[in-house]
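Here come two complexes built around chain A, the first alongside chain B, the second alongside chain C.
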Partner chain A sequence: MNPNELGTYAKNTWCPGCGNFSIFNAVRAVLAELNYDGTPIDNVVLVSGIGCHAKIVDYLNVNSFYSIHGRTLPVAMGIKLGNPDLNVICFSGDGDCLAEGLDHLIFAAKRNIDLTLILHNNRVYGLTTGQYTPTSPKGFKGKSTPLGTEEFPINPLELMIASGATFIARGYSHGIDLLKRLFREAILHKGFSFVDVLQVCVSYFNMYEVYNKRVYEVKSSDLGNFEEALKLIRSWNYNDSESPIPLGKFYEIEAPQFDRLFPGYEPHSVDTDAMIKDVLDNLI
Partner chain B sequence: MATQLVAGNMAVIIGALYAGCDCFFGYPITPASEILHEASRYFPKLSRKFVQAESEEAAINMAYGAASAGHRVLAASSGPGMSLKQEGITYLAGSEIPCVIVDIQRAGPGLGNIGPEQSDYNQACKGGGHGSYKNIVLAPNSVQEMCDFAMEAFKLAFKYRNPAIILADGVLGHMVEPLRFPQKAVVPEIDISWAVNGNAATKGNVLTSIFLNFDELERHNLKLQEKYLKIGDNETAFEEYKVDDADVVLVAYGISSRIAKTAVDIARSRGIKTGLYRPITIYPFPDKRLSELAGRGCRFISVEMSNGQMRDDIRLATGCAIVELVCRYGGNLMQIDQIMQKIRELT
Partner chain C sequence: MNSFSVLIGGIAGDGINEAGVLIGHILSHLGYRIFMYYDYPSLIRGGHNFSIVRASNRSIAAHTDFVDLIIAFNQETVDKHKNRLSAESYIVYDSDKVKIDGLSTKSCDLPVSQIIKKEGALPIMRNTCFIGGFCKLAGISWPFLEDVLKKHIPKQIDLNLRIALKGYESAMNFFNIDKLNQPSLPILTGNQAIGLGLIKAGLKAYVAYPMTPSSGLLEFLARNASKFGLKVVHPENEIAVMLMAHGFSHVGLKAAVGTSGGGFCLMTEGLSLAGMAELPVVIMLGQRTGPSTGAPTYTGQGDLHFALNAGQGEFPRFIVSPGDAEEAYFWSGIALNMAWKYQIPAFILSDKSVCESTYSFCIEEAGDLKEEDPILWDGRGKYGRYKFMDSGISPIAFPPTKGQAIKANSYAHDEYGITTEDPKLISALSDKRILKEKSLSKELENYETVKVYGSAKTALLTWGSNKGVCIEAAEKLGLEVIQLLVLAPFPTNRLTEALQDLDKVVAVECNSTGQVARLAACNGIQIDDKILKYDGRPISLEDLEIRLRGVQV
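Here is the complex of A and B:
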């Protein structure tokens, strides 16, 4: 499948230079590739929340659900539980799933439900034109923090490893080859996979220069080692302006999937009336 | 007296600061974000508290906490955020805690868009959350009133220990007009007769909305209903324009009332006796005068950017089964032609 076949006629309203274009291009290429490799595009569902990131589902000609601010993951969970054979990929922003919907992110990881979450982490509320988010560094001067925020940022990867995520990685919008690799592996991973993407917002928090100087790619040989992964994750805390920023896959383990815990429900293959009656009779 | 050109969302903050508001809790949402931005600029400079919360629910619950300690708290949002805040608002109402909430209405339902609408009317005026409660709801139609009603909302919220909502919209929030600053700032003191302020004087005060005993909860509800009746008797406010000899009365609030006013003048220039009745408090709905006008045989047209939500209140107030509706949706403002057409149909 040619990735261009996955485009739509929706007018693109991201700013020129927006990091979302890299995520879009990488995802489109990976989906086209996976379709060829046996993950049919018709069985893929994309889910987004509200924020600049969310427009991505309008630009990809794939089954999609443009949901509610903060609720990307619960909607995706519903879709996945409704039909566990679907391949559900979530797009969310740092405001979307680390502020308004933080509880859902923790529970998706805790349950290890087989979803992929791609975090468009631009570290600013872009659609509402520039307020600080949970990953903005201390001192960030946005429209609601004219004197600089006093809060320290959350390290979302640290939160994810603590919550039970079974696949943790970080990419950067200036590095599409790595994004493609990470997305592909995350989508194929069985369980909850979390890919943090340092996605630069050119309008309200342009970090290209900073990131370009500091990012480096790691190739961990011991992906199942919690302590090693944690060390790597903690080597940059989203706040300090000195340490190098590792990119790549940091952690991957196998664990039971929440979506496989439910016995199959086949409404047409059994006598439903008799089954209900049987259950109720035994209850009484 | 200082007069300055400001936007409606800024005027709310000026009014709140003059009203002695000392805490603001918000979350970014278009078209209300400027209230958050202006609060962040001015609250810290005046040693008042400002927090951008982690969610809409967090913001209203921070308000619940600070207000229960007797502070004058402002929260602001728009449609989707207001829906999220309903849980906190019903607890504020149930516990009788004063708080002012600004709703810069946008078009719905669901995500809708960021254009203006007036479709949060029912949510604001009929309760919005669970339980039999009411908010006091004020509807400004100018930048001046965005400021003045912020002060009035704090006055009423504290007088009745009740949430008060300023129901504006995306146009009122963003339009720029001259604002006369308030004469004098209120210097509030914490009311130790009910607030829970963490000291010996307020130790005996209890603020709660849980009454496990059925009869006790019924008594609490009856007390609330008595309060709402009293608010209805004392606090309704409205504005009239050329209704004295009118055959057709347009009823409109907020930004729609300004468009309706122009329609009144055009209709009059064509010899049709038309007037405008503008509710200023939309809860309590100013029904007595409307009832008088109905008794005189006036025909009514509800002019609103929603699906007849206010028309229901006009029907109740007038007893008229037929109240015409002129409405727009989707972020579009009312067109004068639309109103004129309906006036012509009636005359």
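Here is the complex of A and C:
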């Protein structure tokens, strides 16, 4: 399958230079590749929330559910529990799943349900034109905080490792090869995969220059080591302006998946009436 | 004896509900039709709990203030309920805990606590002892009782039988309940009847966060999940509940959710999503006393207009409000069928009284309920999830479908589910939703959306749990009853027909503003008078009779 076949007629409305293009191109390429490698495209369902990130489902000719703000994951969990053979990929923004829908993110990781979540982490609300998000650095001057925020950012990877995610990685919208590698591995990983993508918003928080100077790729040889992964994850806290920013896969372990543990019962009989009668007889 | 009622009172933890249900089973085995009201505060141990079990030779769905017998586990039961006794009533009490000084009622002292102590039994088994005593009082034979207990006591049956027998032997005989010549029916709660109706109509998934009075439905379906092949999920909150149900629905599993007012508040954004993305879902909304936390274990009918209007934007919804177990079964199934046929949210608007009361249930009388298929895509050409059709209903398909991208969307969208801001498409989509509502209204002409009982010049207009009390009071006073089973789309024609030739219509509701009267007025139908109760308790038969005399029917 040629990746171009996965496009739609929808007019692309991301700003020129938007980091979402890299995510889109990487995902499209990976889905086309995987279609050959045993993950048929018909079995893929994309789920998004609301925000610039979410438009991606309009641009991909793949099964999708364009959900509402913050509610990417509960829809995805319903889809996966409804049909565990589907390959469910979630796109979410930092406002989407770290503010409005943080509860669902923690529970998805806690359950280790077999989903992939790609976080379009531009650290600013783009579609609502420039307010701070849970990952904006302290002092961020946005339209709702003209004097600068008085709160520290969340480190989403630290939250994820503490909550039980079994695949944790970080990519950057300058660096499509790494994104492709990470997306492919995250999708193939069995369990909850979380990929933080430093996705630059050129209109409201252009971090290209900062990131370009500070990012570096790590190749961890001990991916199952919680302490090492945590150290790496904590080496940049989304706030300080000096530390190098590691990219790559930080953590991957095998653990029981909720979607496989969750009882998928076949009814005891196809005769529903007889079973209802049985229940009622016990109530006489 | 046509009708008999017994009140069982004690503290939370005494097993008052279980004792009431057991007495219900005993009377049901004698051929009686049962209704049990269960009253309990919001706590786990202590507080005052009571059940009123009422038995009759015909179907009933209401309780009475006056009772024929009180079973008192503690002093508080006597103090709180002695005014329910008449000259012909009886009382049986734990003589180790209760004094009935000054009561002229015929009484039976039962050394329940002593018996439990002697037998080394658990305090909860006091209720088995009382049930033994009750059967002796009521002239029910020991072997009959033994059979019922063996069937319905799950644990430590030998010890329980021993204790029941001691209770039986320690009591005296006051009167005799005759065995009726009619079959014994199962007894169940409204929640259980709702669950069975949903299952019958093809339910495959149930998602809920615990909340009184809906938790019983969650527990019933979770317990029966393996039998019926259900996926039952209890997620992090009601927001996730609704959205998870949408996920199930998107891949073709018929799903329902259950909650009460506060939980439903959290579901409203997902409800509106169901409207826009045309996702079938059933919502069991068990009303209780509001606003906010209100009186969480008590009843109410204050959320009708909330259910009618919840969610931003305009979209069709189907709302049914069953008034007893048979209706709960039938209309819950119809709700699931209609949700899928029209790809809309459908409500089972219930309340604590319907959800948690126990009823005799006759499935044969509930109506012919079948699972109906949604309108499925024929597999030709390119699939569009939101294709414009004359009925407004786009044929449905689910991922994975070979060679097709199935796209659901919360934004305004085109026929293929791609976001649009095109003014023509936005209005066409709105028209599509209105068209679906019209198609649904037309189909509902085949259903008894409004029921009429009796014939008179004055009628009571009722919905939901007040059905039973209205019918009984109306019979006594020579009135007619009109019951609204479907509240949306509003059955204007059916109601108008039912109201012809009437001089006066009185709405009977458990809210403080007369919500169904207001809804009727919105549809051009004026209701003359209202009887409203809003103290969290269902209306008793005596109370309704007094109030009806007050409005001069």
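By our rule, the second predicted complex is superposed on the first by the 262 of 284 C-alpha atoms of A that agree within 3 Å, B and C clash if a C-alpha of one lies under 4 Å from a C-alpha of the other, contacts with A are read in each partner's own complex, and residues count from 1 in each chain.
The rule is simple: a contact is a pair of C-beta atoms (placed from the backbone, for glycine too) under 8 Å apart; a residue touches a chain by one contact, two chains touch by 3 or more.
A quick note: this is a predicted structure, and the numbers were derived from the prediction, not measured.
By the document's definition of touching, of the two partners only chain B reaches A:Leu102; chain C does not. Legend: residue contacts after superposition of the two complexes on their common chain; A:Val75 is shown touching chain C, with no touch to chain B. In the superposition on chain A, contact of A:Ile50 is made with both chain B and chain C.
When the two complexes are overlaid on their common chain A, residue A:Leu86 makes contact with chain C while staying clear of chain B. In the superposition on chain A, A:Asn63 makes contact with chain C only, not with chain B. In the superposed pair of complexes, A:Lys143 makes contact with chain B only, with no contact to chain C. Judged by the number of chain A residues each one touches, C leads among chain B and chain C. In the superposition on chain A, A:Pro244 contacts neither chain B nor chain C. In the superposition on chain A, A:Ile276 contacts chain C only, with no contact to chain B. Judged by the touch definition given at the top, the superposed model places A:Gly17 against neither chain B nor chain C.
Comparing which residues of chain A touch chain B with which touch chain C, the overlap comprises 50, 66, 68. By the touch rule above, chain A contacts chain B in their complex via residues 50, 66, 68-70, 95, 99-102, 125, 127-129, 131-132, 134, 143-147. On the side of chain C, the complex with chain A involves touching residues 25, 28-29, 184-188, 192, 196, 199-200, 205, 207, 224-231, 233, 235-237, 239-253, 255, 269-270, 273, 277, 361, 363, 399-411, 413, 417-419. Chain B contributes residues 26-30, 33, 36-37, 39-41, 44, 52, 54-56, 80, 111 to its touches with chain A in the complex. Chain contact summary for the complex, chain A toward chain C: residues 8-10, 40, 42-43, 45, 50, 55, 57-58, 61-68, 71, 74-83, 86, 103-104, 106-107, 262-268, 272-273, 275-277, 279-284.
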